[in-house]
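Each structure below is given as structure tokens.
In the two assemblies presented below, subunit A is common to both, partnered first by subunit B and then by subunit C.
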Partner chain A sequence: MPRGSEALRRSGRFLRLGALLAGIAVALSFPSFVPSPYELTVGIAILNYAVLSTSWNFVGGFTGYISLGHGAFAGLGAYGTGLLVTKAELPSFAALFAAAALVAVLAVPVGYAALRVRGASFVIVSIALVLILLLVFQSWASFTGGSRGLVVPRPFPGMLRAEHHEVFYFLFLALLAVALLAWWIIDRSRFGMGLKAIREDEDKAQSLGTPTYTYKLVVFVVSATFTALAGGLYGLWFGDLDPVFQFSILSGSYMVLMALLGGVRHLYGPLLGAVIVGYGLEYSKVEYGDTPLHLVFAGLLLGVVVMFMPDGVIPAVTGLVARVFRTGETSIREVTAAELRAEREADAPDTPSERRTDDQPDGKREVRQ
Partner chain B sequence: MSAEESQEGLATVGLTKAFGGVTALDAATVSFQHGKVNALIGPNGSGKTTFFNCVTGMIRPDSGRATYRGRDITGKPPHRIARAGIGRSFQLCRVFPRMTVLDNLLVGARPGNLAAQLAGARKREEVERARGWLTRMGIEHLENAEARNLSWGQQKLLELAGVLMSDPDLILLDEPAGGVNPALIDRICDLVRELNAEGRTFLIVEHNMDMVMSLSDHVVVFDRGRPIAEGPPSVIQSDERVLGAYLGV
Partner chain C sequence: MPSASLVFQSIVLGVLLGGLYALLAAGLTLYFGVMRVVMIAHSAFLILAAYLAWYAHRELGVDPLLTLLVTVPLFFAVGVAMQRLLLTRLRPATLTMMSVLLTFSIALVIEGLLGYAFSGTQRRIRLGYSSASLEFFGARIAVVKLIAFGMAAAALLGLYLLMKRSRFGQALRATIQHREAAQLLGIDTDRIAGYGFGLGLATAAVGGTALALDTTIYPSLHWHWIGPLMAIIVVGGLGSVPGAAIAAMALGMTQSLLQLELSTTWAQTVFYVALFATLALRPQGLFGGRLAQRF
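This part shows the complex of A and B:
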């Protein structure tokens, strides 16, 4: 490993730690400097999106399986929590965790069936899941409230509205932190290495001894559980559930858009995407009211991402930075045998080794075969 | 284990696989010698790759049995077969393109218990083992490069290093010389001889006859989904059925 890149890596680590601390400070102090509770609700909505897209990224980012149906798990988490509070009269947060546990159990057979197919087929299966649940929750009105919706009692009855928002802001922030931590742990683990190998070449990964099917199923359940927690928390915060919004392909699509926009291979990719898209959605809802213009905005953004930043904002920006400083990535250039011989002769007196890498003056590394 | 048992390597009985109306493997009964370099040759479409895919679990045979060292491996999932000690390379080499060279190897590291699964992937001893294989392939200087940026030949070596990382006793190579320059073919041949001397068995599918004849101890010839001849290279070269299958005479 060249010495220059070691120093760069160390300074990069400091930079990242600084950015992380700054981010935490901004997130923690946000409620205390917003001008009105409305801005706080925008913050909560964005945090909700961030948890959802980070949860989605457990499957999408690691394994490369694109699920458009993750809205189903959020909806189940929300309805599960609401129904456990209203019908089983569980305390609000006990209901939230019980609902998430139920979704985790349900995700096993769903994943068992859905993960048998790859690529476009998996996308279709995931969409089918949302549509089936939409029909169930709309039609089974005696239990779910049907199209009239379900009112979820507030967990803190006496609390003022502003205070209520503030509590939920921090609850969502805590959930986001846990989801990010879990993603980070998996990212650096052997399990995560296997998952990423699945994304790259599933058959190859399996031929090297990775139990691909088990790996996919486990991470699918983890993803569904976090999604359900986000959905349930949303239900407790918002207090009113409508099947059309809970079981909509749109909510799953937003998760995909946000994760893709930020960068699915990066811990903070979905979070960054959620901030951009979430803010954009809230802004266009305020500016253009009930027109579907926010959908146009989301569609255009998806087009831009796919065309110009297929790996997302984070790789695009880091790539740009690396190009400016010309030190980041290893560049490989093959040299002809004649060039190699000439260079070797020139180097011969003091460097007997045949293969070696040089730190070139321009900072690029050259590699010989 | 007796001496006879240890001679028993990969073997199949009546292995059959049809794709639609095409019978790719037609009741193939064949066995390969443990501890040797075996070659599997035959014209295009004679069922060599299907045979590979059946014995490594990538596809399930319609009927018949495959055993390795006396253990039934028919229809077992690929990761089980890999853990039983059979490693393979793919026709047209396959690596994990957007992972670094080092990570490509770490995918094949030894499995652990649940705690080991969640522990860091870059465990020191596994990294050292990976570096050892990279050095042996002569691509250790590329360990931080993304695999997709390697040349074709380097990717071939990387794939072989990745297979070796999972520590197989039997290594199946599907056209190791395909698209590779002559100098690298020599290098791959040397590696196969060295690794064989260290106790690893090889089964190689290859169209490069010079390589097959110089490298292998035992050659099996496939035609239309079944073996038509087998024996040492010297015998195979003069076998009329083999010439007929290849040249259509």
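This part shows the complex of A and C:
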């Protein structure tokens, strides 16, 4: 059934394009049909999660290095922006980009230390980074405001609350689009290929000449920069920073949870995870208030994902679809000899059945009898 | 400049603190040895044991030390179950990363349940001997700190003897050193690894009870412990018990001495400074061998 699968694939491409356009349309029109500004803030929170976990996925998805401390970069972005606005009196958005640039510079030595070692030590360093920054930002109260928090002035002072939310909704959406685009470009590049080689087998990648250390460091810095931009934008939107929430190990673990849940190898995986988990978080906040039980739920969900679905929802669902519609891209196709003969005859009724059938444009090879 | 007796007191306190760190770091080293697993939930179990000691003291009025009779076997069983039921089911290729996430999620669940059951209020055990202290060459040492150190030292000694003198310890060390070779010698490495994991968690039970004696506890306290402990095992070299013990003593003492000049919070940063310095200058740690470099 090569014709059928080709048609299916083409329709799949149209479907995907259609879904993308529909998604963009929904995302763009969302602010105009929400019943109240509250729903808009939920949308902004989810978009913020989506940008954060997509940024995390630059490191986690491509190289397989799992950082539990990316919350530190978001916090640094937020505090950097806030401090540059209040202390250096920079304009808000100049401060945002300056803070992101500073975080990028800081990510170099952090990555230098963290990426010297593999796996376990990397995770330890990423956790340590959050804990150390929490200590510093709480203790250094004269500069950061300490536990009293830091108030970030609004970028648009004359604006009403609802308009303010709407503007930030679109800003977060734009940032998400840029992050997704960057991920997509890296995914298709030689650089991305090298990163994925690191994920699959770092020793082999190295022996084949991939500059693994440089690649890891570069993508780490890119990831930290996007995370800092998301954090800084959050700071400008929310306007009030507290070290306990900014440098929380929990925010970093949410990024991991969302990306893993959606699927780290997929462009939209973190976005999907952010929609699911972010909505769940906001919903439970309204329904059950702030009880410690949200930790239990987050922990259980993470545990279940790690144990049973380490590749995420997207591969699980596409795998299921592929099984149902038999479009699976498996290397061995389940085709009986009788089916194959019937296929060949249908394909080329006038030529003898010895004709090779493996010269299809997509390079797929049939099982030869 | 603080007086000599104050410095001496800090050194003694540093040794006492270092003993507790060493015991807990030994547990982490055991997990890493048998499974190549970094157990984030170690300090959550530590706090859980402390809460159990506090709860037993409040409800039943028993001495916290007696809870060890229950918590140590209980934690051992939980550790074996965790290894056999959860960690061995992860894919071997991504075990190191995924086990971190799994144990992290266990830590979150424990913290959340503790917060739900006992609320976020800070708790402290009041004992008859809580405020008693001894004079020791001019240094005043609280009795509870001595007891805590004694427990840690006894547990470490027990662990050492078990590892070096018993047949089980020999099998455990063989499993850590070379799993396949141990299997060839007829060691059931899966079972031994499970017991090793249980043993590691039992150190958290002892440590938690010791902690409950002289510390105020609250559910999110485990984050203050996991950072320093992680730093200790990396500085000492992942997988090396003597390395972990020496790093624990050295860092515990440095922290204690720094508290003379700086606030408690700033003194804690010594662990992270040591961690980053170690990774930048000697990534395998002070005593880490071939094993440490790969993980």
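Quick note on the criterion: the second predicted complex is superposed on the first by the 323 of 369 C-alpha atoms of A that agree within 3 Å, B and C clash if a C-alpha of one lies under 4 Å from a C-alpha of the other, contacts with A are read in each partner's own complex, and residues count from 1 in each chain.
Please note the rule applied: contacts are C-beta pairs under 8 Å (C-beta built on N, C-alpha and C of every residue); 3 or more make two chains touch, one makes a residue touch a chain.
As the structure is a computational prediction, the values presented were derived from the model and not from experiment.
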Practice task
Check the residue A:G69 against both partner chains and state whether it touches subunit B (first), subunit C (second), both, or neither.
Solution key: neither
Practice task
Please indicate which partner A:G263 is in contact with in the superposed arrangement: first for subunit B, second for subunit C, both, or neither.
Solution key: neither
Practice task
Tell me which partner A:G111 touches in the superposition: subunit B (first), subunit C (second), both or neither.
Solution key: neither
Exercise for the section: Look at A:G232 in the shared chain and tell me whether it touches subunit B only, subunit C only, both, or neither; answer first, second, both or neither. Expected result: neither
Practice task
Could you look at A:L135 and tell me whether it touches subunit B, subunit C, both or neither (first, second, both, neither)?
Solution key: second
Exercise for the section: Could you tell me if A:R188 is touching subunit B, subunit C, both of them or neither one (first, second, both, neither)? Expected result: first
Exercise for the section: Could you let me know whether more residues of subunit A are touched by subunit B or by subunit C? Expected result: C
Practice task
Pick one for A:V125: touches subunit B only (first), subunit C only (second), both, or neither.
Solution key: second
Fill in the blank from the handout: Overlap of subunit B and subunit C contacts on subunit A, residues none
Problem - subunit B - residues contacting subunit A, complex - result: 56, 58, 77-79, 82-83, 87-88, 90, 94-99, 103, 106-109, 111-112, 116-123, 138, 141-142, 144-145, 149-151, 153-154, 162-163, 165-166
Completion exercise
Residue set of subunit A touching subunit C in the complex reads 64-66, 68, 109, 112-114, 116-121, 123-125, 127-128, 131-132, 135-136, 138-139, 249-250, 253, 256, 260, 291-303, 306-307, 310
Fill in the blank from the handout: Per the touch rule, the subunit A residues reaching subunit B in their complex are 1, 185-186, 188-194, 196-197, 200-201, 203-213, 330, 332, 334, 355-357, 367, 369
Handout entry: Residue numbers on subunit C that touch subunit A, as the complex places them
Key = 32, 36, 38, 40, 86, 89-91, 94, 96-98, 100-102, 104-109, 111-116, 120, 219, 223-224, 226-227, 230-231, 234, 238, 263, 265-266, 268-269, 271-272, 275-276, 279-280, 283, 293-295
